[in-house]
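Each of the next two complexes has subunit A plus one more chain, namely subunit B in the first and subunit C in the second.
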Partner chain A sequence: MLKMSFIERLAVSTVATVLALLVGLVVVAVTGYDPVVFSRNLLEGSVGSEAAIARTLMFTTLFILTGVSVAIAFRAGVFNIGVQGQFVIGGFATVLAVLKTAPLLPEGTIGGVVLLIVGTLAAIVAGGVYAAVPGILKAYGGANEIVTTIMLNFIAIGAVGWLVEGPFRGEGQSAPNTERLPEYVGLPQLIYDSPSFSIIGLGIALAVAALIAVLLRRTSFGYDMVTSGHQESAAGYAGVDAKRMIVATMTVSGMVAGIAGAVFTIMIQGYYSDPAGIGTYGYDAIAVSLLAANNPLGAIPAGLLFGGLDSAGSYIGISSDVPAQLIDGIIGLVVLFISAPELFRMAAKRTGLGGDEQ
Partner chain B sequence: MTVLDRAARNRVRLGAGAVIVLLGVILITWLDLPLSDLFTVGFLSRSLQAAAPIALTAIGGLYAEKSGVFNIGVEGFMIFGAVNTAALTWLIGGETAGQGALWMAILASLVVVSVYAVLFAVLVIRYKADQIVAGLAVWFIGLGFGPFMAVLLWGSRNSPGLVSVDNLTVPGLSELPVVGPLLFDASPLVLLTVLVTVGAWVVLYHTRYGYWIQAAGENPEALDTAGVSVARVRYAAVVFSGVMAGLGGAVLLAHAGSFTGTGDTMVNGRGWIGIVAYLFGNYNPIGAAAAALLFGGLDMLQIQFQTVGIDLPNRLVNLFPYLAVIVVLTIWGSTRVPSSVGEPYESEE
Partner chain C sequence: MSLAGCLGGDDSDDSGGSGDGTNIAIVSSPAGFDDNAFNDLALGGLESAKEDHEIEINQVEETQQAQYQSTQSELAQSGEYGLIVLVSYNHTEALTQNAADYPDQNWMLINDHVEEDNVAGYIWANHQMSYLGGVLAGTMTTEEFSEGSGVTAPSSPQIGFVGGVDESLINAYERSYVAGAEWVNGDVEVDVGYIGNYTDTDTAADIASSQYGAGADIVYHAAAAAGRGVFEAAQAEGRYAIGVDSDQSQALPDFQDVILGSAVKYINEGTREAATAVAEDDFGSITGNNTLSLEQEAVDCVIGQAFEGNLPDAVGQNIQEAKQGILDGDITVPCAATGCN
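Moving on to the complex of A and B:
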């Protein structure tokens, strides 16, 4: 997939998305629903109203951050499938850090800002450490990171689930939730009147994407990361320790996943609940990153697309009978189609539409 | 090859295994656990039931990988197998589905899953899809469309109680001590798993087709030169792996008696554990099944802990298999994979 030109990648991503949506429509029709109504619901649910747009941008924020996290690792040839776990651990660390630090600080805006920073730093450290573990196991133990990161996802969800059920359940909470963050800890609503979206959150996501793009492209650290993943021997001659780069890659990737977790906790939820019931942003992020050809800046439009899809999904779940899980299936189909660019190349050749690059 | 050779080759493996057993023994004596209460025949029988889906999936997965294709999508195929069996049981037998409906549903769902597996094989072999990405996609599609089908049929991500498979009692043999209740008064699907394990071992190591599968993964050029189509062998192995994972999912459902689609569905990582089971078992079907039994046993420890009065929260004990997988992978990480895994093979013609 690395040998493709920019145009080819764009074409593959576009065709894969369109094809997956078409299959989705066929499934809708076959199961006895109206594809036209479903399509209209998709549009209404993603951009049809101010609330829909705010919801779309809320999901976009998470998908950009988690997508960038995946992209860092994939770029460097490390398969971090554990973004979901790092996201959960990061978000939970934010709640803990804010709740523990809050009594020490004055209430109000200044205290709120300090707590935001403390909470986010906690998430970055927690996410980074949790991702460094499979990195170390891969680099020094040869343990396949795909499997270990998936196992660590299950462990993160189970362990945090147990923590919010028991030891960290908020006082008098009937549901297994932690205490709420203090009122004054949150991002201000500047544009949209939505309790769970702030344009500042989106700004953070865009800034992180830009920062990582610069890191990968303009710094020697980023250069070493990418080359050691793809040309280990070359990196070795250049004096780069490939094993240390694997650990570094995983750590940076997990730090970004941690930021996503902090944004989720602070901007959207305001407390932590059983992570088994939280959206699978870390898994969908793999689709986002692949769609973006593992380019951090590409994660912005790809994140917007998936933000729209997820937003439409939650709208469909409420306002129509079509099971919202269909959206998850469509996301899976996008990944499937992206995995086989050869499919499109052959199809293009056969139909006479381009395909003459080779 | 003599036993000693084999032992020398597996020295690290055996050594690490011994260390794990030793740690277990130390832990048990240190905590002063009543061993006889912990390891009962009932526990073994529950472990076998829990191990069967993992073992079947692992055996399919190792065939695919031996042939040169990493089928990382087995978790997804398990979800398809489970949800299709549940749906078909319900469609055939309705609310009062019996054993007949369940068995028909298992067979029919294998047919359905084999169609998916063929599509996956075509994508990976003919169209040279990235094996890791395509495999992940199968999982995501299962995570989406599995619960989708459940909501469609039952209005909820979980099915109502359907039917679980009846024990098969073999007269006479079931009277045997230990082995009797384990195999001959047990789920017929456990017995089936034992037969599949032995059969898979014989085919892989003692038939011509088994050698072809190994050659397709180790030295496809040689196989091609010998006039055997590498693609055809790989197709067979990949479709087999998909169907076996589907059977694993069906067995999981038949033992549970209903479909659970919340979270990561009732399969909940068992396909991934299956992959680790065959790595742990060094690509040997019998080794893979033994590893599956270890993971199955860890999965069932909860009940044993309760009976001997160890009060550990459910949710934490349920994490044991995942932790074990990480430990195993770290110690066994350097398992040698077949040399041509992951590479599409282009015939010279």
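Moving on to the complex of A and C:
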């Protein structure tokens, strides 16, 4: 089943999504709301207006990036559940780097572009380093990366929460927020006039997905990563240092999560706040990646689906009486239908239990 | 054809304040609604304004601070709302942009302020309510009292304070509390401790336990959720505590046997006032920074539900006298609502 063709995979994902929506509509009807109105809200909220489309694409951008981050690790047989933490550390690093570098550079477009690059590089480094830690612990200490990455999420959220609360709180702020990035540091508003979305952000996400797809499929480095994850002995026989590959996989995965953090900071929020309230893109990304069968390019349509659902959720929360939580329920159903069998299969493969498709 | 007649009836499509109905949107803080605190109180105030005025409330729950920018602008863009209420200072950054971008939209911001003509910021006189909490503690520490699960140590006038983060805002709670206790009893000794955050109940309990151990019989906290640890310590040590922000003997009934009283602020007074102003087309009267204090009866010190009617008469008398003194200007409460300098 893991070796399904692309068409089969697409069919499974589509059927699961449609099924989840249908069950969701039944739940809507049972709870006493009109499923027709709800469906219309879903459509209006995700693609019904320019603002809705921009919002959908904003969520999509983050889901693609974090989804690709998860996919890299899963592809290589490493379970990086710590994308949320790497996303937070990366985003915070962007704010720090930009704020510290800004006084040294001229204001205006050129300074802005340089700061964007500095901020993004900082996020890539920070996300990569933060992900390398559990990679090293797994490779050389035998620590289960699922446990360590989950723990590191809490540490990232707690640490950044403390930093914005105290040492990096903006001057005169009664709320625990950092200083805002300078006005001239931001992605230009092309096509969509939305304060939180730029088509360039989406372009970056698509480019990263393509780049990672090429890396995994067309380079020897990518080949080594995937084989050492799935056939360690074969990889070892071919002269690949499996331990180093684990660290490399986690680092690359974390670097992409860092980019997601940078895009979040620069495109959406413009400052950093308590990470408990910035959303759970790094966790949702696990579902995105599973829906995409851990294929970096598959993360694009999967990210679009999740982006559309989240966007509809925001719209429903604002414009309709239907509880927006129902959207979370539908997302949960999609995940359930698609990934539950997938998860069991992967777990079986990893532990050597269960017999099919070895 | 009676088409024209049909149209005539409800052609009053003018948005916002005027007309016979007012639409008000309220966007939650990251804690969300049903929190038995902040968000529910804010919503409750709007609902009580509904009794006197024709108001439609749209409740928008949004728990991600990162979404406030787009949620606010979407609500403003619709042009349907006479007032958009934003719960908590998590909205401040987003509002600094949106208040300027939507100059015709009226906003109410709870617990902070943004310097724009279309924003009504509301804060509560934290220092006054803490002063009253100090009066309660200062009175009780020399009374002989053993109702509930605690007992006082009347021979030594010693009390405690546990704060969340050692910062200006919480320093105002501390100093006003100390001043209130000293107003009752010049000899009172106050132990002060800070946790370093607002969530760590264990550390809060440790600090409170050591204060009780050192001879304090009543501890007041300004530590939000972490304050629960103070109540746990009070139960363990057989002493008393004072709650903060809302009547915590009601919010945390498990601890009503040690919560002598709570320093409370009525968030709902603020939202009711703002909703009423907008419904009466008088938003201009509340723009700017509003501090709700004793004068509006928006802060108070209430007795815990297990102790109502049981406390010595001196408590009620002293609190009443202190309130009057503050209102008359005979008592100057140190610090201000937003902090100490």
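Following the convention adopted for this analysis, the second predicted complex is superposed on the first by the 338 of 358 C-alpha atoms of A that agree within 3 Å, B and C clash if a C-alpha of one lies under 4 Å from a C-alpha of the other, contacts with A are read in each partner's own complex, and residues count from 1 in each chain.
Assume contacts are C-beta pairs under 8 Å (C-beta built on N, C-alpha and C of every residue); 3 or more make two chains touch, one makes a residue touch a chain.
Fair warning: this is a prediction, and the values are worked out from it, not measured in the lab.
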Fit-or-clash call for subunit B and subunit C when the two complexes are aligned on subunit A: clash
Chain touching more of subunit A, residue-wise (subunit B, subunit C): B
For A:G166 in the superposed arrangement: first (subunit B), second (subunit C), both or neither? both
Which partner chains sit in contact with A:I150 here, subunit B, subunit C, both or neither? Use first/second/both/neither. first
Which partner chains sit in contact with A:I286 here, subunit B, subunit C, both or neither? Use first/second/both/neither. first
Which of the two partners, first being subunit B and second being subunit C, lies in contact with A:L137: first, second, both, or neither? first
Between subunit B and subunit C, whom does A:Y192 touch in the aligned arrangement: first, second, both, or neither? neither
One more residue to check, A:A276. First (subunit B), second (subunit C), both or neither? both
After the superposition on A, what does A:Y223 contact: first (subunit B), second (subunit C), both or neither? neither
Partner chain in contact with A:I331 - subunit B first, subunit C second, else both or neither: first
Superposition clash, subunit C against subunit B - the stretch among 93-101, 129-137, 165-173 or 201-209 that is involved: 201-209
Which residues would you name on subunit A as touching subunit B in one complex and subunit C in the other? 162, 165-166, 276-277
Quick check: in the complex, which residue numbers of subunit A touch subunit B? 1, 27, 31, 79, 81, 137-138, 141-144, 146-148, 150-152, 154-155, 157-159, 161-162, 165-166, 276-277, 280, 283, 286-287, 290, 323, 325-333, 335-336, 338-340, 342-343, 346
Interfacial residue positions of subunit A with respect to subunit C in the complex: 51, 55, 58, 162, 165-166, 173-175, 177, 180, 194-196, 264, 268-271, 273-274, 276-279, 314, 317-319, 324
Over in the complex, which subunit B residues touch subunit A? Could you list them? 72, 123, 127-130, 132-134, 136-145, 147-148, 151-152, 157, 262-264, 268-269, 272, 275-276, 279, 313, 315-316, 318-319, 322-323, 325-326, 329-331, 333-334
Quick check on the complex: what are the subunit C residues that touch subunit A? 25, 30, 58, 60-67, 69-71, 73-75, 77-78, 88-90, 92-93, 97, 111-112, 165, 167, 169, 197, 338
